[in-house]
Structure formats: structure tokens, C-alpha cells
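Order of writing sets the chain letters: A, B, C and D. Residues in each chain are counted from 1.
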Amino acid sequence: MAGPLTTTRDMDTLPKLLKHHAQVRPNHPAMREKDYGIWQTWSWSQVHDEIMAFAAGLSALGFERGDTLAIVGDNRPQLYWAMAAAQTLGGTPIPVYQDSVAKEMAFVLQHAEVKFAVVENQEQVDKLSEIMPDCPALKTLIYKDPRGLRDYTMDFLHSYEKVQDTGRAFMKEKPGFLDAEIAKGKGSDLGVMLYTSGTTGQPKGVMLSFDNILITARNNAVMEGLGPDEDVLAYLPMAWVGDNIFSMGQAYVCGFTVNCAESSETVLTDMRELGPTYFFAPPRIYENILTTVMIRMEDAASWKRKMFSYFMDVAKRVGTRILDGKPVSGMDRLKYAIGNMMVYAPLKNVLGFSRIRLAYTAGEAIGPEIFSFYRSLGMNIKQIYGSTEASVFICVQPNGEVYADTVGKPAPDVEIRLADNGEVQFKSPGVFQAYFKEPQKTADEKTADGWVHTGDAGIFDDNGHLKIIDRAKDVGHLNNGAMFPPKYVENKLKFFPYVKEAVAFGDKRDAVTVFINIDIEAVGNWAERKGLAYSGFQDLAARPEVYDLLLDCVNTVNDDLAVHPMLSSCQIHRFLILHKELDADDGELTRTRKVRRRFIAERYADQIEALYDGRDSVYVSTEVTFEDGRKGTVSADLRIRDAKVHKVDEPLRKAS
Amino acid sequence: MDFLYNLLIDPLVQIFTYPIFALEVLIGGLLSGVMYSLVALGFVLIFKASGVFNFAQGAMVLFAALFFAGFIDTGLPWYIALLLTIGVMVLLAMTIERVVLRPLVNQPHIILFMATIGITYFLDGFGQTIWGSSVRVLDLGIPNNPMEFGGVLINQFDMVAAVVAGTLVAALAVFFQKTRVGRALRAVADDHQAALSVGIPLKTIWAIVWTVAGLVGLVAGIMWGAKLGVQFSLAMVALKALPVLILGGFTSIPGAIIGGLIIGAGEKLAEVFWAPAIGGGIEDWFAYMLALAFLLFRPQGLFGEKIIERV
Amino acid sequence: MLYREAGQFKTTYSADQQIFPILQDRIGFFVTMAVAFIAIPMFAGDYLTQTIFIPFLVLSVAAIGLNLLTGYAGQLSLGTGGFMATGAFAAYKLATSFPDLNIIFVFILAGLITALVGILFGIPSLRIKGFYLAVATLAAQFFLLWLFNKVPWFTNYSSSGVISAPPMSIFGVFVTGTEASHTAKYFFLLVLVTLLALAAKNMVRGHIGRAWMAVRDMDIAAEIIGIRPLQTKLAAFAISSFYCGIAGAAWAFIYTGSVEPLAFNIDVSFRILFMIIIGGLGSILGSFLGAGFIILLPVFLTNAPHMLGLNIPVDIISHMEVMVFGALIIFFLIVEPHGLARLWQIGKEKLRLWPFPY
Amino acid sequence: MSVVADLTDINQASVAAHARSIGDVVLSVQNISLSFGGVRALTNISFEVREHEILAIIGPNGAGKSSMLNVINGFYHPQEGKIIHKGVERKSMRPHEAARRGIARTFQNIALFKGMSALDNIMTGRNTMMKSNILAQALYFGPARKEEMEHRKFCEHIIDFLEIEAVRKTPVGRLPYGMQKRVELGRALAAQPDILLLDEPMAGMNVEEKEDMCRFILDVNNEFGTTMVLIEHDMGVVMDISDRVVVLDYGRKLADGTPDAVRANQEVIDAYLGVGH
């Protein structure tokens, strides 16, 4: 269907789209930021002026076509404008994860030969001026928030306002200069460069052209019928491709409003105030929200809890069907309507989901009951499958065809093929140009005829939906030759609220074993209800009661696995519960909280051995990094438990 | 002009032309002032011990009087009636402590004050619900006629009342200065911890002071009741103790006594010599205005100590 | 439960600081207004209007007045009756001395005069606090009543000491005197009350209101951050008295029509005080709730026995009423010192967080 | 005057201030003696406060530190001595007058207005500058409304500065201790004082809270160039953040000088640093 879009494909760069909106909807809000207690609003024409002023200022400071501009900071309008400004001048913005440690950041800035950096505040200024010596190209630093920078006299330092002022003056001198620059822009130009903190090795600079971003964004917008009246909350890292599609690409294609939270602590309250209509969050966030909902309900009066659970059951039964427009009995519709008044609507309101028309999740597999929880509330949450290399969209679940265990059908203009080893490969308008200065790596990932290796192993189910089971390279084989997708096993475990993280082992081994990371909030709450006193994470994790609790989870997973012909040998034989949370600061997770398998395999080698050599407990001592950056070590004796494993035999397989 | 003369000059002329009469008025005033002192004392007791400004003191006077008169009317001998009434007052004190004070402990004083207004209403209502609102005569067999002392006429009843009140005041003073409980009470006034260290639980102390205040009220009630008849207006008369307090300071026993006398005398003199100029009935407010005027010059009252505020 | 706040975000400070920032509250407010302006006049008969709604409106004004002084500025006053009387007699003198002065101005002037008197009796508040002040205000109560009683000038030398409102009209419609219809009176009062309540709300959310609350919560700190104690307290007395004055005038002119000083005796002061205690100190809404409560309670008490089939003599009932008042005050102070308004607040919070408990 | 303009004013002021850094004497305390009844609280105290400096007053409990602040902002009236503030001599003056002359303070035991939200508390700091009369406020119309908004805006800058956005509308009673201290500082800042008196700003705080508070104090001094007189027990803190230190003991002045000088002073060591610290 044709969405209510006013833009056309021949507006092939962001600046061109910007011009369009500034003319077509000058007073329509383009950006909001909760600041000084209210939602400060900039209309498209205002945003246009801000960006032009800054662009002109940049050019006055010597920013030229082909230059690169690093963006470091939280989601702030000024930073988004800086990106557009760079693009206006034919340069390339490079948003960087601002919480990445100095050396990671240094690498990116060097590698991308960044000349200019626009940062949020003093903290970032300090960090960058510290690494500047290693980045010969970096000559200019522009900061948004002057607080605390009064005494900074370095001449490479400029304030955002000052740059814009120079810009305004500059525009008076050279009217039409910027328009010329914008006209020079082409869809094939490099739109943005995103460094992906891969699970291994150094980050790679993914080069995305305007076409990549805008065509993909447009295709999806059309498919979902997005228009200029959407409200999105920009709260995920600017360096992440999703934010570039949702808060830049699609915002510019559709002309809708991007909203920035007041501060990281207030995201939830701001979310509640704003009530976005179009929302993306990784599964973990939906999961946390659900957990807190359940925990908060625990403290409600019993009649309220009864009512809640009653209507939640109604929703479970019919909510999803109603959402998918499937037939439902009048009685159930009535019940659902009442439930909507008593529970669903208020609940969504308190969570800030009232206005959501479209919600996406991706990145990890989402727990079926989490997924169906939100859908049963009448919230149209869908899974997508994507990657930075694809400008996000590879697969999307079409309305009415939403299943918890698939990632949907190929997105518009996307072709997909499965390699022999089960790897998913795709070809689409969004396919990235190359990895910056990494022809070899580019060649590894992208065939000459444009097919991209996702590195994910997947299968198509009967109704043509793609199902991802694991990273292709992680798919191993047990000694009995059976295929072993660790992630698949891990996710089955992680669907339990008590399990925060899980790491499965089994490649080239006789059986599957796992490390489990308990979810301190959920388990802690369970412990409280059980009246179980504990002194902290480590203590709680070591409790036999907790082991019993987790054993049940493991056994259920085994029941489930046993019925899958392909996966029945992947049942978990033994497991242990880790004494600490797997942590990105300790290098155990990526910044996007994906498990760094190899790193863990090395770090916990002895513990893994223990899982196989029959020991029933093992000593561990690991170095940890605290919030304040100090290092320390924690050590403990970890108990190991055996799980109940089903004999894999005919009748059970029939049962499936 | 005329008015001013009547207001400013004439009264003085009067006083100096009839010194004996003036003296009689003065003494009469002082005597009735003793009653004010008595009631004021009730306030001070409670305020010192619990920091509560007991607006209900007046109501307690009426309440006690109502019950005593009520019992008498049922034909009981006076001493039985007295005992019973005392019992009622003790019971009342305990109830108040249990039902009102304990739940409100640590609340801001203003809240407690309002609570006592509530008590006032409750007592007025309760007493009259039981005994009705008709005026009851209470005859203690004390002649209510003047007799002469060295050329000065003094109302016998007032004399007796004054003597009784005086003794009670003296007794209370002694009680406060000498007895262990009394000292404890004074301690509480300063700070509650101290009180506990004296070894008497706070609630007991409160029960005690309220009882004492109740008994003071009883005596005042009987006296006034006998003189004016037992009726609702007693509560209002008793409220006169408020300006007395302002004059004397909330925490000072001597203050209460002196204040009472000043108010009593001032009121009578004003009523007799000044009222005609401005149309009578001024005893309704004279005491208050006197106190108010006084406050502007000495906010902490006659004997109250100056407050040093800290931040 | 009823609230849908997601999406009600504010883009300007004025939007953020409006009296009802939440849409659902605004709706509720307008519904109430509709009921007050349309439903009640249509369906409530003369009896209800005269015995319930008119006194309710009049006393609400007085309650707001006292609440400004006691609830917001923290200055306890027991002189409300006295100030109401001042308003009533001021209005009477004005109306009789200047027969063609419009009732609006009569009321406003009466209010202003009362405000002056209020300031006069507020002066001690600079030197004295709390109970001392409370007692001082009793002086106002007793003195003012005595004054109107004893000085015949105030009653235009009427032998009975009773004043009766001359018939006065607004836009050609009589709102006082015998020709005035209850509906006319009701509407006049309703408009008056709405405006006064709005004004009060605006004041308490403005800097004068903050100054009052500052003095109430911690007068020393207030002075140290530059708030002038005298001006602030006197302003409170003046405005409070202004409201009480208008209430008194309305009482005499519109509710009863004719009145004697004793109608404003100390008992009135206490009842108004009870209204704001039960309704909620420091809340305009509370003033209304309290007024409603105190008005309906006697109605209930007088009728309850009949419903229960008992017949208790009237005087007993009146005594019991007093008793119940007392008990209720204590009850409220113990259970919810912030009164009905706070209960309302709590309920509202629960609804906003529904289905969560917190 | 518009508050925005106003805000930029202070910023420029403080920029200038910075170029100048510590300036000339803004407040001089001369031979102050104070006693309650018979009790001597302060005896013949003299010292000077210079523009843009952070002056710390230290001393054992009961040394008369708080009394000194109370004298400076007019809460106590000394029997002898005088105070010269911005060239104006005064023996005694009401606190609110002092406040209007640009002296703000915070308190040892938090003195917030419990019944009001954090925002409203900070707004009260602006009261001295809010001009609209009662009638205008009652109508909440035109200038009154505009004024209200402008001051709200100003206070929001302070809220942003002190990083208390999250609790803006929370009644201060419900806030944790550290937060309340911040709000109180905010209330003082809202008055745009030229002298800020801080009475034990870090009393009873944990380490992080202390670090935050230090940061804020220094930032305030840096951003707005506000002169500060503070009482603090934590010697570490005092030595770190203050430009000069005045040492009191039993109501007498023991020493007056740079932190190092004071640290070296034998008298001081005996009287104060010796004990415990």
C-alpha cells in the first residue's frame, strides 16, 4: 500500500529530504528534547536552519567534501543535526559509542581518519583530548554543553553555538553555497559510517550510502504505512545502525518526530510522558519491563492480583487473535473489552505504550511468552531480522503473520538464500558498500555479485518464515555427529525469567553442558517470596535452593529439545551457576550484550573441563572491573549439577 | 469630645471620689481573678507536661460541673457526688490520653491544639446530651452576700471561692516543686527523654496531668456553677483563662496566678468605671484586648523566658 | 485506571503549570462545572437549593478564606466569625448608605473593609506565633461581635440589632430580598464562588502562595531567603479576611437575608475551622469538600434517627451533633491530618498508577 | 528584565570574574562580639571575604561557626562590632534585608519547606525578584504569568545544573538526604547571591554525595563566580576546595590564611587538627 509519504525516491540524500520537509511541513515538529523540564520542540524549518547554520560553521572551520566527522555523546538533537550538517557538506558522519573505552575510541578515530569531532560535554572533551595525540587527523573538537569547560583554552575547542554563529555569518557572505553543496550530493554518496564492535577482533567501519539507508527506510515505511505523525524515542546508541534508520533515515523519509529523553535516568518517565507511536527495543528491554510489571503486581492487593491474572488469561487466549484480526467469539470480545478498560489500557499507559502503533524487536531471540504478553495487550510488536551490513531490514514479520519463533519474511526488495552449512545470505538495496579500508574483510563478507554472509544459521519454516537458530560459525557438532547450535540452547534457557545469560558447550564433545547466569532481580524476588535470606549475587547464586530452581528450568528445556529430531542430542547434561554476572566491562559480553564465546571459553577453561570430568564442584577466581573502573578479583567454589536427560527414542519423537 | 471625657477622665474622677468603692471593686476583681488563675493553672499544667495547648480546659470545667450538679440532682449526698465526679474526671483524663494523645504523639503542636478543640466540642455535646442544657442551680450553702471587713464590703462567696482556689493553687505549686511526680512533670516540659530518665512513662505522666487539670476544672466548675448556675456559658467564662495565659506565659505557674489576678481586677474595674462610656458588656473581650495589647510589648508573657531561635 | 497520560507531554511551561495539567482532570473539572451550572439549577428544588447549595457556596468562600490563612500561611485563626460579621455589617452599611451601589461593588468593598480589619488584627502575628496568635484572634472574634452588638450605628439603630438586606439586583434580576428567586441567588453565588476559588488557586500557585507556604513550613528559613515575614503574613490576613468578609456579606444578604451579630459567634469560627481540617489544610479543593461535609453532616444526623425508626428529641440531637463534630475532628486529625483532599489525592494517585499499587 | 538575559548576564559576569579571579573585599567582619544572656558565643572576630573566593570557617564544635554565619546574614545581632558588605556598613539588619542585598545561605540541618516540591522550593529562592502584585497573581494573567514562566525557566537551569531533574516535582520530604542538600543549594542559588553561606554542606553525606557536593560547589564558584563562605568539618574537603581558611575556637579567631598556612599553624594544630582529625 502507498503510505502517506510526501517524499519521493529522487530526493536521494538526507539534506535533500530535509529541504523538502522544511518547505512542505515547516511547522511540523521534527525534534523534541525533554530539557529544562519541558519538551523543547524544533519544527522542520527550525531544524533546517539549525543544521544549515552548523553546516556553514563547519565549512568555515574547513570541513570539506569527503571529510569525516565523529559524533560522541547521548542522543541529543544537536548531535543529530551535526550528522545532517556533515552530510550537507558531502562529508561522512561517524557516530561512536560514547561509553567505549579510550583505546577503542582511539582506534575508530584513527582508522576513519576523523578530522572533526562533535561531542556532548566535558566528559567527552576530556576523553578525546586525551586520545588526540594518537589521532593526527583530528584537528577540531566541538562541544554542545559548555558546562565546566570555561577554563579550557585549547584553540582546537569550539562551542556548538559559536560554530553556528560563524555559520550564520558565513551564510550571509556566501548565500547559496550550501544549496550548491546539497545539489552536489548523490544517492550513491557515502551517507554514514558505522563501526560494528564485532564479537572478535577490531571494529569494522561499515560504509552505508544514502541509497542504502533511504531506500531501505522507505521500503519499510511503505510496508508499515509510517507517516509524518509518528513519534519515536531516540534512546539507543547513535552509533547503532538501528538508530540511524529509525531516528535519521526514516525520520527524514517520513518527516516524523524524533524525541530525545532528558537524561539516562529519566528515560522511563520520559517514555511514559511521550508515549511513542513507533518503538524499537531489544528483547532484553521488553523482558526487563515485563519482569518489573510482574514484580510490581506481586505487591498489589490480592483482589487486584486476581483480577489482573484473570484478564491476562483472557488476553493470552484471545488478545493475539483479535490483534491479528482472527475470528473471536462475542463473549470473549466483551471480556477483552472489559479487560482492556480494567487492565490492558491502564497498564500500557503506565508503561508509556498507549500510543504504540508499531513496535519492533531484534538482535536476540525473544522469549515466546514475553512476545505474546505484549501482543496480547493489543500492542503490535513484531520481530525483525537485520544487520548493520543490510541497513537493518532483512526480514520483517508482516502484520497478521507474527510468530514468536520466526523473524518473518524477507523485507521488500530483499532476496535470501540459505548456504549448505545453513548460513543465511541476502542481497538487498541496503547492502553496505564496503568495510572502510578493509577490502579483504569486505570480500569475506560480501560476494562479488552482492550476496552478503550473515554468519547466521537459519531454516525456512512451512509458511515461508525465516527461523534463526544460531551463528553459523558457532554451530558445532557433537562427537556423535549431531548438529549443535549453542545459541538455540542458550535462548531456550534465557526464556526463563530466572536466567539472565547462558553459555552452552558441546562442540566436539560427547554432551552439552551450560554455564548459567541468574537474573538477580527475578531470582532475588523469588528468594524473598521463599523467605530465603542472601547476602548478595554470589551468595544467592551458590544456594542449593537456587540450583534446584534452575534444575527445573534445565529439565524443561530438555523435555523440549528431546522432541526435536535434529536437536534431541543437544539436551543439557550438566550445568553450573556462575558466581558473577557476565559483563561487557570484563570483555565477556559485547557492548550490545552478546556473549563473547571464545573469550569465555578461554577464561573459564578449567570450569568447562569440570563440567565434563565429573567433578561436582570447581574453584573459580576472576578479575572484575567495577563501575568506577577499579579492578578486583572475585573467587568462589561453583557447584555442578546433573540434569535429567531423556533417552532419545522413537515414541518420544512421535510425541512431537 | 464628650465621649473622650467619659472614656479617659471621668473614670479616674470616679475612682478618686469613691476610693472605698474602687477598692471594693478591685478586691472583688482580684477574688474572681483567683478563679481565672485556677483554670489557667490547668492549662499550664498540661502545656508544661505535654506541650499540648488544651483548649478543652473550659469544656472540662463545664463537664465537671454538669456531672457534679447532675449527681446532686439525682439525690446523692454531695460527698458521693464529688467522689463519682472525681472518678469521671480521672476516667476522662485516661480516655483522652489513650484515644487522643497517644495516637497524635509527635504530631505538630497545632494539630494537637485542634484536637483539643475537638475534645471541647465532644465534651460540651456529651455532657449536655446526658444532663440536658437546662440551667442547674448548685447550692453549696455558702451565703452569696456581702459582709464588711474594715469598712470594705466583700462578697462572702467570693471570699470562700478565693480561699478554696488559693489553697488548691498553693497545693499544686507544692506538688510541682516538691513531689517526685511533680518534678518529673517539669522535666517532661523540658524534654521527653529527661522525663523517661526520671523513670515515669510518658503516658502515665500525661494521664496524671490531665487528671489534675480535670480536678482543677472540677473545683472551678463547682465554684462558678454555684455562683452562676451550671450552664453552657461556663465554658465561655472558663475561656477567659486564655488571655490570662498570654499575660502570664504558657509555662509559668506564678505567671498564671498573677495573670489571673490582673485580668480579674482589670476586667472588673473596666466594667464598672469604663464600660458605661462605651456601652457595657465589655468583659466579653476586655481580657483579650488587654492581653493582646500586652503581647505586642512582651511576646513571651510576664514570666515566660525569652526564646533564642537557632538554625 | 481512568487516566491515559502517555502522550500528554508538555512543550511549554504554561502548559506544564496549568491548574489541571492532566487531560482527564480537566474533563472532570468541566463535568463538575456543567453539573453545578446546569444540572443543579434544573433538577434541585428550592428547598435543596436554599438549605444545601446556597449555604454550601457561602461557607466554601469562608473556608477558602481561612484555608489561605491557616492552611497555606500557617497562621491559626479563631476569628473567622468576627471577620464574617465585619463583612456582613460593612455590606449592610454600604448597601443602605449608597442604595444605588451595585451589589458586586458592595461585596467587594465589604471584602476590602474586612481586609483592613484583618490586617489590624494580623499585626500581632509578627511578634507572636501559633497558640498565642490563635488566642489573639479570639480577641477579634469577641471584640468585633461586641462592637456590632453595642454600637447601634452599625445596625442603623434598629432596636432588635438585626440587619436585613435591602433588595438588590444585578442585570435587572433580584439576588437579595424577598423577590429574589433561589435560582437567581444560586447563580449569583456560583459565579462569585467560581471566580474567588480560581483567584485563590492562582494566588497559592504564584509567588505569594509560595511565600505563605514557606512561612508556614519554616518561617526562619523563609525570612533568611528574603521573604518579608510581616508583609507575607499581613497579606495572608488581608486576603483571608477579604474572602471571609465576602462570605459574611453573602451569608447575611443572600443566604439568610437578615442576620444579627450573634449569628457569627465563635461557634461559626470553629465550624469553618473544622471544614478546613476535615476538608484538608492547604487545599482549595479541600475547602469545598470540608464545607460540603460539615453542611451535610447535620442533615444526615437529624435524619438518621428517623431512618432508624428512633425518635430522639431535637435538643438531644443538636447536642449529639456537637458531640459527633468533636469526635470527627479528632478522628480526622488522627487518621488523616490532611483531610479529605489528601484522601482524594491518594485515590487519584492509585488511579494514575493502576493496576500497579505504587 | 528577562531572566534569560539575566542568566547570560551572570555567565558573562562570571567569565569576567574568571579573568579577574579572586577580587577585592566584598564583606568585612570587624570586631564582632556576640553573647546570649551571659554566654559568650563570639569574641572580637574580624576577617574579610574577597570576591569570588571560597572561604572556609573551621573549628571544633561550639567554636561559634554557625553563630558567625548567623551574624553575617543578620539572624543574630552582635552586641559589638560591625559588618561592611559591599561598602555598606551595618551593625545589625533583618535576615530578609541581608538576603535582598545578595547574601544567601544553606543550613546545617536542612531547612527546606517540607510541604513543597523541589521545584517550588527552588522557586521560593526567586521570590525576592518577583514583582507582580497580588491582584495580577489572582488573575494569573499577563505580566504575572509571564514572570512566573521566566523564573520557572531560570530555576530549571539550576535544576539542570544540580542534576536533580528526576526529582523536580517530588515533595522534598520524600527525597534522600543528599538530594535535599542539593535542593537547598539550588534554592540558595536561585537568588543569584553574590555571597553564599554554606553551613556544613556535606554533613552526614557518604563519599559519593560529598564528591558530588564538592563538584557542585566548585562549579558554582567557577560558573557564576559566586563568593562562598562555608563551614565544614571534613578537613580534607576544606583543604581541597577553599582558597582561604579562618579558624575559630571558643568564639575566638585562632588563624586566618591559606589552607597550607593554616595547616602549619601550631595553635591550630593544638586546638583542632590535633584532636582526632
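Criterion: a contact is a pair of C-beta atoms (placed from the backbone, for glycine too) under 8 Å apart; a residue touches a chain by one contact, two chains touch by 3 or more.
As the structure is a computational prediction, the values presented were derived from the model and not from experiment.
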Centroid comparison with chain B (C-alpha atoms), farthest chain: A
More contacts between chains, C-D or A-D: C-D
Chain centre separation (chain B, chain D; CA means) in Å: 48
Computed distance of Cα centres, chain D from chain C, in Å: 41
Rounded Å distance, chain A centre to chain C centre (Cα mean): 58
Residues of chain A whose C-beta touches two or more other chains: 37
Per-residue multi-chain contacts in chain C, two or more chains: 13, 220-221, 224
Multi-partner residues of chain D (each touching 2 or more other chains): 75, 107, 111, 152-153
List of chain A residues in touch with chain D within their complex: 35-37, 147-148, 150-151, 262-263, 265-266, 269
Residue ranges of chain D in contact with chain A within the complex: 14-15, 18, 119, 152-153, 156-157, 159-161, 163, 165-166, 168, 219, 222-223
Parts of chain B lying in touch with chain C, wherever the complex brings them together: 53, 99-100, 103-104, 107, 109-111, 113-115, 117-126, 128-129, 132-133, 239, 242-243, 245-246, 250, 278-282, 284-285, 288-289, 291-292, 295-296, 299, 309, 311
Chain C - residues contacting chain D, complex: 13-14, 17, 199-200, 202-203, 205-211, 213-214, 216-218, 220-229, 235, 239, 282
Residue ranges of chain C in contact with chain A within the complex: 1, 3-13, 15-16, 352-358
